[in-house]
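What follows is a pair of complexes built around chain A, which joins chain B in one and chain C in the other.
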Partner chain A sequence: MLDTAASPAPEASAGAARPLVEVRGLKMYFPIHTGLLRRHTGDVKAVDDVSFDILEGETLGLVGESGCGKSTCGRAVLRLYDITAGSIRLEGREIGQLSQEALRPLRPRMQMVFQDPQASLNPRMTVASIIGEPLVEHTSMSRAERLERIWELMDAVGLNRDFANRYPHEFSGGQRQRIGIARALALNPKFIVCDEPIAALDVSIQAQVVNLLEDLQEQLGLTYLFISHDLSMVRHIADRVAVMYLGRIVELAPRDDLYAEPLHPYAKALLSAVPEPDPKIARAARRIILKGDVPSPANPPKGCNFSTRCPRVMEICRRIDPALTEVAPGRQVACHLYTDASESAEETAPERGESNDTRQQGEEE
Partner chain B sequence: MLNYTIRRLILAVPTLLFIALTIFLLLELAPGDPVAHMPLTIPPEVRELMRKALGLGEPVHIRFWKWLVQFFWVEPQVFIDWLTTKSAIAGILPDTQFYVSCAGGDLATCDARILSWQFRSPVMDIVLQRLPQTLWVVGTAYLVAIVIAIPVGVYSAYRQYSWFDNAGTFITMVGFSVPPFFSGVLVIVIFSVQLGWFPSIYDTTHRVTDWDSFVFQLRQMVMPVMVLALQITSQISRFMRASMLDNLNQDYVRTARAKGMTEPTVVLVHVLRNSMIPVVTVIALGIPSIFGGAIITEQVFKVNGIGEMLIKAIEANDIPTVQTLTFIFAVLIVVFNLIADLLYGILDPRIRYD
Partner chain C sequence: MTEPAAPSAETLAPELATRPPRSQWRDVWDQFKKHRGALVGAVIFVSIFAAVFVGPLFYPHDAQYVPTGRDFIRLRDMRPVYVLLWDPGAKADWSHPLGTDNIGRDALARMMMGGQVSLTVGLAAMALSLLLGTFIGVLAGYFRRLDGPLMRLTDLFLALPLLPLLLVAVLLFREPLKAAFGVEGGIFVLIVTLVGITSWMQTARIVRGDVLALKEREFVLAARSIGTPSRRIVLRHILPNVLSPIMVSATLGIATAIITESALSFLGFGFPPDFPTWGRLLNDSVDRMTLYPERVLWPGLAISITVLAVNYIGDGLRDALDPRIRGR
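Let's turn to the complex of A and B:
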């Protein structure tokens, strides 16, 4: 079923692209211990049964509000956490349950650019040693070769070579993020998770960094999972976009389709919040304002996670959790509004993982 | 960095002068009489003469000035002379002819020095006699404590809330709260009285000449060193653990893991090197206490080091000794504060002094 050769891509533009990363039923729960004996009394369901593919060479945007689990999802995909359940395949190889030690040789293939460029760089290491450290660990380059590679990477991200012996605190935010990108690129990865790489930068620098990421993607054939809450930036960079709410993906669609006509009520509300630069259109636009607060991920509502705030909530939403289903070519939505009522009534919660797989098969055929 | 050091050293001069004045005035205000422990049969007028002979007849500011001259002018000269003739390090240098043994005869130089009222001998000579004992016992305890505390702190933090961490936290809490006059006596009762493994009294006249005497030296050092090390270990391992915990959750640690570094590299290179910054300064700030001795522990095990010297001088109202010792501690604290600050600048590239 997951045989890549037999699966034509859902996206026409991607042509012969095959999934580089396949995530199935990913769950990342953080245990809650309470009481005198610190017994395990519950879980924060940061990522709760998420499935998606990332095609080779594409950028998958992952959007959602703060605390919806997007960063956790990105880290879990790279196995920076020991995941609770699920399967993650990178280039066809299962990495979901590998030990951290077994993962280490695979780390060069997948890298991460972190949100806070200040905190993610070791303050006691120079730029050269930050970028060069993975080369020491994973390659047998000589000192001179390594320095050559460090300079090459610094050139690639637009940093002056003379800065190689400086410390991270001596740089501006944008330069630090370039160091972070150079570091991620050091071992020629295929797949990079960008965890809000521009959130800590000011607007003029954001565009530079995003353009740098796009250029590098073009030159090196990189695949990105681009996590952001900046919907306009995601529209700019992503090929497909996944919208997350409370640990679930509620809608996964090609970028243009999603921005033209979001299907899920949450995606609609989220996209209505994007500021419109044209005042005429802005005046005509109707913002959908959601009532209430996001429920706690430790105690999500029964049925659909969004049922407590959904403006179009139905009776079935409070009972049965809708599965992510393909409603149009390449478009997947988890909402009862778009699925046949009788069909979704048959699906019960424990079977959800299975039904996802069936859906995936259907999509691939 | 050099400018900063010079500026700090210049600033240290008024600081130390103020400390010296404060100590002097505090001792002046404190009740007590240096001839109080003399036999009651001595008539009051003779007592008064004895006080005058100790230099107590003069006004406060004159006595303070005399002490300053003695400490900052006479003693350094004598010390340099001692270094160039008697010491192993600088004995090859030309003799400066200042140091005269007070037992030998030339009382003129000898009288100019700071004299202890108890012993009628220069305070600094006694300090130099007492210092080796203190450095051996307290210094070894400090080294042992650091060697134990750092791995314990690192592992406790790495496995936070594990049984090891919980046990370590409990033991360090006990070690930090139990005073040495209790733990010292306790180990004497257990290991000397009941088991008879170690001598209860530290013999300072013992000379290490061969293997057997070396073993004896080790045996008599075990208990005082361990009692002191328990306290210091508790303190440093807590610092180490807290500092490691601060750093273990930092983003750069996640970066290091994402780079595919081995776990020992992540913990020992990335986290430990950053966590050592505050710990090293704490260790540096604790070094004056090695010289200061451990007053109570030295008393319990009868180690006649600096701490014991200070407490005896306080009991005997030996004001010049108390004044001089306290001031030496103050100098050491000021100096090691500066060293700690400079270490911070060396270890942490984000901090630069200029």
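Let's turn to the complex of A and C:
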């Protein structure tokens, strides 16, 4: 608690819950080697200086178009990659630079549900051995105890116990995803990264899986990082939402605020793409269509990453990269539109900070 | 999934729910039995194996006995008994069903003794090359840092002229090994080792390719996210999935080993001349093939049938070990 209070980030204090996961300045670069000598000539900046907190028990949605670094970010947070720079704290413990061997005892605390349930299950293992693998690795249960636990987990995710002997190819997509979820739950984790868990599923199954995830969150007090490009689904499940563009978070806000009024021009464009069920509103809605393509993450533009496509681009955007700053309580945006006239705005900024603090105090009392 | 005529669903359910997982090997065996080719192959292979190892105990003639004096003239160059069918005047007798060779040794006895050597050499050399090839292939495929050095090593071995290398190695190591393991034992160890370490390259390359593709699959990432160490990821997730190509190269490897051994024996660098192997029998008889076709036919047939049987067994095993095929 002391740590979080001392941490410089203001967003750490959006309520009484303490952050379970704190990510600061996370960078994940994949080196590019070219030429005859395979020299290191550049980096694909898949995740470039990303910071966020996930409070205990909440769901943070991470949205963005494909290729913007959402999945890489999720995997980097779990340290499935050796990150380039930055700090990741899980329950106050720094894991950013730990070796894979040192991470092993911490793995039970954090788990992952993968996008493609077909690919994430070993085709040669039975359901029982897939769900049991974490138990074999991290506990010293006897065979019978393990089987008991496997059955318990299968019950929890709604799989028939008799399926324990079957192989992944014998299941439907939704059932496979349930196996993946059961595996992630096996060790009672606190934090689960859901990497597009519904993207590969039938629409009719998506709701089932999402509801299952929500039920489990309620029962087990789980914390999710929910990565998705399905904006409606994120609206349904997430408490707060981070919008990513080209390796950076451009806006991080409570769900309702973001969906009601996105601030960042990219977030506006992205959310205008959400289908609207009411035809009247849909007809009235103005779809923002961005021009051009996403720049290569190996060679991002100077200044703001979005400056090449932004409908409201200003001269400053092409020079200075906007930092993610808090513009309203709990809302962070990385855009010069809100922090611009930066010199003159500096007077108002502390004011906001103060009001933020007083609001918190009010809440805490 | 063979339940006896189903009672009502309610009475069945609790019993099912508490049933522990079946052993995977039972499933494998069940599927293997369904593969007719594999079953026939297995039966043939086992019979050849039994005939070769158990047969000499019941067969009266010694494979290395050379008759002398008048017997030599009487017993040499006998034809198999079936020649009597179309040539009643042929020199054939039931006491030597497959005839004798040009110095009067019994052909069937030599076939059996040769089979012992050829089968052991084939299996042992195949096992060695498979072990080496899989080991190097998995290391090269899974650990990026080892990929370059190990694959260059593989290329180096592939580029070596095999036969001259074998000959030099035999010349260099024959005497010390003879001293250590006895005449036949020394040559056996030498040949198995030589064939093994000169034939692992194909397996290594195939396995490496498969491992490279497999390690990018999400289930390997999932295992990493669980905290499974690399060693167990390889054993639990990678190896079972590269089993098919390993099986195929294994079955082909037996054939290669038998044939390489015969080539070595032919050149006089394998087992001693009076020591029969299938390859040697074949090679010894080539120059008189027109007069005595049976001397080429039988060893050749034995090699082919063994290889074919092993191939079918491998085929069946591969299918049986793959749960996606097993269900059908």
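Odds and ends about this structure:
Throughout what follows, the second predicted complex is superposed on the first by the 326 of 365 C-alpha atoms of A that agree within 3 Å, B and C clash if a C-alpha of one lies under 4 Å from a C-alpha of the other, contacts with A are read in each partner's own complex, and residues count from 1 in each chain.
Please note the rule applied: a residue touches a chain if its C-beta (ideal position, glycine included) is under 8 Å from a C-beta of that chain, and two chains touch if they have at least 3 such contacts.
A quick note: this is a predicted structure, and the numbers were derived from the prediction, not measured.
Steric overlap between chain B and chain C is present once the structures are superposed on chain A. Touch criterion met: A:112 reaches chain B and chain C at once.
When the two complexes are overlaid on their common chain A, residue A:120 makes contact with chain B and with chain C alike. Touch criterion met: A:161 reaches chain C, while chain B stays clear of it.
Number of chain A residues touched is higher for C, counting chain B against chain C.
In the overlay built on the shared chain, the residue A:183 is in contact with chain B and with chain C. By the touch criterion defined above, A:128 lies against chain C but remains apart from chain B after alignment on the C-alpha atoms of chain A. When the shared chain is aligned, chain B and chain C each come close enough to touch A:80. Looking at the shared chain after the overlay, A:147 reaches chain C, while chain B stays out of its contact range. Shared contact residues of chain A, touching chain B in one structure and chain C in the other: 75, 78, 80, 100-101, 103-105, 107-108, 111-112, 114-116, 119-124, 133-134, 137-138, 167, 169, 180, 183.
The touching residues of chain B, when paired with chain A in their complex, are 250-252, 254-263, 265, 270, 273-274, 347-350.
Of all the residues in chain A, the ones that touch chain B in their complex are 75, 78, 80, 100-101, 103-108, 111-112, 114-116, 119-124, 133-134, 137-138, 167, 169, 180, 183, 187.
Chain C meets chain A in the complex at residues 16-17, 19-22, 24, 217-219, 221-229, 232, 236-237, 240-241, 321-324, 327.
By the touch criterion given at the top, residues 75, 78, 80, 100-101, 103-105, 107-108, 111-112, 114-116, 119-126, 128-129, 133-134, 137-138, 147, 151, 161-162, 164-165, 167, 169-170, 180, 183 of chain A touch chain C in their complex.
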